[in-house]
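Each of the next two complexes has chain A plus one more chain, namely chain B in the first and chain C in the second.
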Partner chain A sequence: MGHPQIEDSSTQQFLKEVADFPNVTWHALTTFDLTVTDEQKLVETADRIVLQFPLYWYSAPAILKNWLDQVFTRRFAYPDAMGSLVGKELGIAVSLGSPAKNFAAGASENYSLSQIMTPFQALAHKLQMSFLPTFVIDQFGYQSDDMKARLLINYQRYLTQKRLGHFDDQTNWLIDRLTTLIASAPEEKRQQLSLILEQIQNNQSTLEDLQMNLKMIQDMEES
Partner chain B sequence: MGHPQIEDSSTQQFLKEVADFPNVTWHALTTFDLTVTDEQKLVETADRIVLQFPLYWYSAPAILKNWLDQVFTRRFAYPDAMGSLVGKELGIAVSLGSPAKNFAAGASENYSLSQIMTPFQALAHKLQMSFLPTFVIDQFGYQSDDMKARLLINYQRYLTQKRLGHFDDQTNWLIDRLTTLIASAPEEKRQQLSLILEQIQNNQSTLEDLQMNLKMIQDMEES
Partner chain C sequence: MAEQTWATEQLLTLANQTPQFKERALYLALAELSEEQQRRIKLAQGELDGRTWNPSRW
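On to the complex of A and B.
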């Protein structure tokens, strides 16, 4: 997480609370002076590395770029060297000061976020990391409570869900989350949450049945 | 010019000598601590701003990004604010550690330099600056003397030629350069250079005649 005034950023403080998961390390960059080997150790222990920052002139703030330049040395990061990053995932969680819809050809920013993130995509390619779709935090200050709640869930999924974009994993993730919530929920909420959980699990098994049937039909057609 | 070890870079020292032109200011960034108003004054006096740096992880080194983040404030740089950058030119002079030919889809870097420079293109677009084609310094250390000499001329043109890519301006630029060289050349070289100059000027007037004739024919056809 690289932000020059991280303590003053309500967006980052909000996300930090939400990122408090057992397997998530929130690592805030507050200085240009780094102990490179410590930072490298942190990177080595992670399966998914999410660079999180506000978009400054269409790329990461200098404090995060400095971290990349210093920590991702050739000896550390290149696949033919220690190869420690091969197969890890690289994600970008970017917060925007202007609306996400403006990032398109012909709109006021004129370039898509995918185009703007090319340097990070190139980095992932070079290091044989798997590049995740960018997680966009769209003008956080202007979002309704409802939108913020949805953002929160999606952000947690971005940090922790096994394979992003896979429907099965998405459902399993939700079931895990609900199970955890139920354990710590007050008595009066527990029943309600349990009903939701049951519903989701029923849906999931219905879906699995459907998929099984579909596969059988396909197998029959092929034989 | 942003390079973390600028004094140790033979590429940058070579280019610095060559950049010693009357209207060119070579401004080396050596620190993260900037006096923002001084930097802004420098920017204001320039018609063409060339950001020069070695490519670090597919973008500018942190020291240059820090300069951009701090100097190009919203109040200073936005067209609707002081509007001081509208109409200026923005160029990138980038030195590469791996061969330029590798920057292509399917080649080892997989992305073109145009794609990689999108954040700077987006910056120029936002500030209503005119974005110049990127000047590429292709693995300087491996270049022959001949290639270095050609690079030198093209680099001087990149910094000083009025309209890049316009043939007339290119010829005029060359005539100016030769005239200056002749004035300071030793006697034995002077005659040789004068002959070259004469040849170029003859070519130019032949070309002008041809263009004049072409225009006359076009005018006749249109009337």
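On to the complex of A and C.
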């Protein structure tokens, strides 16, 4: 996480608060002066690396760029050297002060966020990492409670869900969260939540069965 | 919203009654999931019916 004034950012404080998963390491950059080997060790432990920052002149703030320049050395990162990043995932969580819809061809910013993130995509390509769709947080201060609730879950999923963009993985992720909640819920609520869990699991298997039948029919039609 | 399932109704009620923000967010996300599951089930059933009754295969 690279932000010049982390403590003053309500967006980053919110995200930090909701990123409290046992397998997530929140690493805030507070200095330009780095112990490179420590940073590299931290990178090595991660499967998914999410660079998180507010968009500064269509790029990352200097503190994050400095981190990338110092930590991703040729020796450490190049696939034909140590290749320490090969096979890992690279994600970007970017916060915007203006609406995300402005970032499109013909809109006021004229360039899409995918275009703006191209240097990071190129980096992922070079280092043989999988580049994830960018996670966008726009105008956090103007968001309603329901929008923030949705942001919370989507951000947690961005950090921890197995395959992003797969409905089945999204379902399993939410089932896991509900199962954890049930374990700590008071008895009267536990029953209600368990019935809800059961219905969601039933829906999941109904959908699986239907898809299997559809696939069978499609295969028959083709043969 | 179209006809809600029992689970969706329960989840939305829970969301309204829960003061804890993180827990409330999870209920809302589960309610959306439950609706999306119903939508996908209907679509898949529709496709299955359509393919089963395909006149060119009679």
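Just so it is clear, the second predicted complex is superposed on the first by the 213 of 223 C-alpha atoms of A that agree within 3 Å, B and C clash if a C-alpha of one lies under 4 Å from a C-alpha of the other, contacts with A are read in each partner's own complex, and residues count from 1 in each chain.
Please note the rule applied: contacts are C-beta pairs under 8 Å (C-beta built on N, C-alpha and C of every residue); 3 or more make two chains touch, one makes a residue touch a chain.
What you see is a predicted model, and the numbers here were worked out from it, not measured in a lab.
**Student:** For A:I153, select first, second, both or neither according to whether it touches chain B, chain C, the two together, or no partner.
**Tutor:** second
**Student:** In the overlay, answer first, second, both or neither for which of chain B and chain C A:M212 touches.
**Tutor:** neither
**Student:** Taking the superposition on A as described, I'd like to know which of chain B and chain C A:V36 touches: first, second, both or neither.
**Tutor:** neither
**Student:** After lining up the shared chain so the two structures overlap, which partner does A:A81 touch, if you call chain B first and chain C second: first, second, both or neither?
**Tutor:** After superposition on chain A, A:A81 lies in contact with neither partner.
**Student:** Check the residue A:Y56 against both partner chains and state whether it touches chain B (first), chain C (second), both, or neither.
**Tutor:** In the superposition, A:Y56 touches chain B alone.
**Student:** Once the two structures are fitted together, what part of chain A is touched by chain B and by chain C alike?
**Tutor:** The answer is that chain A has no such residue.
**Student:** Quick one: which bits of chain A touch chain C in the complex? Just the residue numbers, please.
**Tutor:** Against chain C, chain A makes touches at 18, 145-146, 148-150, 152-153, 167, 170-171, 174, 177-178, 181, 192, 195-196, 199-200, 203-204, 206-207, 210-211, 213-214, 217-218, 221.
**Student:** So in the complex, which bits of chain C are touching chain A?
**Tutor:** 5-7, 10-11, 14, 21-26, 28-30, 33-34, 36-38, 40-41, 44-45, 47-48, 51-52, 54, 57
**Student:** For the complex, which residues does chain B have touching chain A?
**Tutor:** 4, 32, 56-63, 65-66, 68-69, 72, 109-111, 115-116, 118-123, 125-126
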